[in-house]
Amino acid sequence: MLFKQMMEYVGLEPDRLQIRWISGSEGAKVAEVTREMTERIRALGPNTKMRDVK
Amino acid sequence: MGIAENCLMPLPATIQQIIPETSDVNTYRVTLDDPEAMANWRNRPGQLAMMSLFGAGEAMFSISSSPTQRDYLDFTIRKAGVVTKALHSLEVGGKIGIRGPYGNGFPYELMKGRDVLFVGGGIGLAPLKSLVELMLDDQHRADFGKIEILYGARSNDDLCFKQAVLEEWPKRPNCEVWTTIDRAEDTWKGHVGFVPAYLEEVAPKGEGKIAVLCGPPIMIRFVLIGLEKLGFKNELIYSTLELRMKCGVGKCGRCNIGHKYVCLEGPVFNLIQIKELPPEF
Amino acid sequence: MKTVVDNLRREAARLLAGDEVKMVIGYAAGTDAARTTPCFATTPEQAALLTWGPLCANNLVKYLLDYRFEDTRLAVVVKGCDSRAVNRLLQDLQFPRQRLVVLGVPCGGQLDRASILSEIPPGARLQDIEDTGEDLVLVTDKGRLSFPKDRFLMDKCYRCETNMPVVADFLAGEPVPSPAREGFEHTAEVDGMEALDIADKSSFWDNEFSRCLRCTACRNACPACSCKECVFEQAVPGWQQSGIIGSKVNSLPENAVFHLIRMFHVTGRCVDCGECERVCPVGIPLRLLYRKVLKDARILYGAGTPGMSTETVSPLSEFRPDDPEEFM
Amino acid sequence: MSNKTITRDQLATLLDRLVEKNRVIAPVSDNRGVVRFGEIQKAGDIAWGFDQAKVPAKSHFLPQTEELYRYDTSGGELKIEPVPPPRPAVIFGLHPCDLKAVAALDPVFDGAFKDVYYLNKRERTVIIGLSCRKVLPTCFCRSYGIEPTDGQGADLMLTEAGDGYYVEILTPKGEALIRDNAPLFSDAGVAEGRRAKDALAGELAGQFQLNVDLTGVKAKVDTMFEHPYWQELARKCLGCGICTYLCPTCHCFDIIESHSGHRGCRLRCWDSCMFADFTLHTSSHNPRSTKKERVRNRFLHKLSYHDERYGLAGCVGCGRCIAECPVNIDITQIIADIEEVD
């Protein structure tokens, strides 16, 4: 939470960071959270701020 | 801008053969992809080359094959850091980059007509092997006197080039080999003890003889003392000093000992030169 | 000021003469009149080199880390802000209390060297700086220039929290008034930055980070950075082989990552001594980053400025059931 | 070709014109007033009133991060692709110390192994020097035999004179630049320009606050490798890279891998002998393992090694390290100390 606020402070969309507590028995939750995260990131578009010369 | 004119640009090369030496050391037999570059490659024994692992980085190694062997280059390398781990994950046919050769190498012309004692520790035998094989080569053998080799490693498993050291070299005329490991093991029937102690035991005569050594810094320190005691002349004792390098061409500022760059004026120094250097290696 | 210096020298000489400490880390005259330099006195005679005044911005607590693995006893001179770093190192067990003598000095504020130098006319040589209490007189070979002291005060001093050491075995002088001024809200600039929209924040910091030289002076001067091996210099472990941490590449993303990681790593450790900002050769407003961390830690976890005492626990090293979170 | 003059406006016109076909590098100031050498789009971008660029001109010839080549390893094949040669460039505004520093770097990158990245940029760059307007309290170039109006190392040397500049033509490259832009230069006022320059030189010579005597310093420091002085000096060093990064003659670099999937490139980045990991071996052995060895190496490099290798001083007296060192490690003090200690 602190780190998300730091990200926002330097101009990075805080939604790019997600932390979830998932137990080893919650396989379905992993899939669901990953799917949700993927969509969220797609919506945000590429992270141009952290793109490097490669 | 041609590739050859750019001293920081590696030449594409391919791993032709991987020869296991110990549990964490392999010899990589490498050819340059450009046949012309391979044919034009010349190196002296004891010289270095910068190996490039794409995706990992570059690191400097001594060339362990004999310069008389013109078809390939051997590098004997322990898995230790980022680059060597990447190398050890490659298989035959793997692509790497090579640039060099760098450094001065052993002044073998000055060794002609003399007996030569080699002292090696662990993977430190790699650059010595290049010179030993040059001297043992039929074409050059008559130029040199007796060849003695004292080689040690931490354990039986850590001995490199076992085939050459234990089988081939001892059978060559006028060539004597002593081997030792640091601690006793069931699989080892030979001598047990550190290299400097074994040197004292074997006590080869130093008079007029050349000594060439390579190994870990601590071994070098004690062997140098031992050799002086045995009567080896300072100017006839040659050792390699190896420091971290990035460019290999005397520009990146990393491998200096005093005002000397090991990548240019080294890695081979005689004991007179070593004593003149500030003790920072 | 003179008494403080005398007391300091006397105590340092006593500690060294009695072999109570092997070294006293303090300040000595610098190579020009507008600066001092860290001094490492090891004999009672060298104690006479020690000085104290408004040009002693360096936080000397950082140097304790150089001697943490030795078994000698040391003394260090600290101002109020520096003293918080002493507590932090003690808390992190980076230096044992029994090997440390803290020599506290009362601080009326530190001066910004660059602003002083900017007042010296071209060709004139600064010979001395006289502190009359209210005014600061710059003595040059071309005449004396008098200025109100406030003009040169470092920004951090306007917001001083503790101008007297929070930990000291010896105090070299009577308490002096705090340089803190009314109207300088501790978080004012941070609030201002937070009020910007994200694109403006982004371009503000892009501008700052793109100027970074990656000289690592901010980290090396930082008393919160006590790691024996810094994450930026670790021999690259497998999981980050293709990562960018530790690279010397100077580019905006690399620099931003460097500062963001530093920002996170000093959470609960940064005592706001301002050394990072002072040493930065390209003037990046680093305290604006770390004060944000202080503010958020205060709001989210009720944490005060680290190092005010050795009792408080860093917000990131403690779990409380009522900690705010959004990940369960 | 004899020397010329150019007015302020015409100089701006010249630089604007040069931008069309060249990279033009000049002192530029950022929003916090930090001056460094950067690419300009027009003459108006230049920080005209600058005293000394904090980041020296080496950043043009040896950029802090520079691509060396690209590679592609897809499909088990290896392709190595060189970077395109540098565009022709004009670098404007080097003071005499910075000119001398470029001269000190030349032999490092030349020699038996030629560094094409540096040398190509060097060859394709016209250097326009600029006499200093004032001497800063940290300047001591004069101790290294440099006058603040010396043009040595420049292709053209400009000195402010009246409303414009007195232009000395020092090399065929400089001459070619003048020939290509002949109408902007004038023959009028050359004699006055010369006199103005001499007057300025005299005035500046009197402004130096820092002077060191270098006689015997190299010989002395060469005997001091084991001296306890280094241990004492190193105590205050923070081990940051300010002095080396801002030094116009420091040139240490690292070669860095940067890749994503099969494609990648190798980058050359500034590195510093003050960093602990600079000489660290994979075996964890480190020949310069503490601040003492690193500080000693830096000053021996400046005061001895560079001279020993290249016959040129490794310091030019620009004073940047003095001005910026956060703990007041001052090379002029060290030179004085070296003369003093037993």
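Of note:
For reference, chains read A, B, C and D in written order, and residue numbers begin at 1 within each chain.
The rule is simple: contacts are C-beta pairs under 8 Å (C-beta built on N, C-alpha and C of every residue); 3 or more make two chains touch, one makes a residue touch a chain.
None of the values given here were measured: they were computed from a predicted structure.
Here A-C and C-D are compared, and the pair linked by more C-beta contacts is C-D.
A comparison of C-alpha centroids places D closest to the centre of the full protein. Chain centres here are Cα means. That of subunit A falls 34 Å from that of subunit C. Taking each chain's centre as the average of its CA atoms, subunit C and subunit D sit 31 Å apart.
Note: centroid distance subunit B to subunit D, computed from Cα atoms, is 39 Å.
Distance between subunit A and subunit D, defined via averaged C-alpha coordinates, is recorded as 44 Å.
Shared interface positions of subunit C, i.e. residues touching 2 or more other chains, are given as 235, 242, 249, 251. The set of subunit D residues that touch two or more partner chains comprises 254, 256, 258-260, 264, 267, 271, 282. Shown for subunit B are the residues that touch two or more other chains, namely 55-56, 81. By the touch rule above, subunit C contacts subunit D in their complex via residues 30-32, 35-40, 58, 62-63, 66, 117, 120, 122-123, 125-126, 207, 211, 213-217, 219-221, 233, 235, 242, 247-251, 275, 278-279, 281-283. Residues 193-194, 198-206, 209, 244, 249, 251-254, 256-257, 259-260, 263-264, 267, 289, 292-293, 296-297, 300, 315-316, 324-328 of subunit C are the ones that touch subunit A when the two sit in their complex. Against subunit C, the residues of subunit A that register as touching in their complex are 1-3, 5-13, 18-21, 49-53. Contact residues on subunit B toward subunit D in their complex (touch as defined above): 1, 3, 5-10, 12, 33, 54-59, 80-81, 84, 93, 95-97, 217, 243-244, 246-247, 249-259, 264, 278, 280-281.
Those residues of subunit D that touch subunit B in the shared complex are 68-69, 71, 73, 76-80, 82, 85, 108-109, 111-117, 120, 225, 251-257, 259, 264, 266, 268, 271, 273, 278-283, 285, 287-288, 293, 297, 300-301, 304-305, 308-309.
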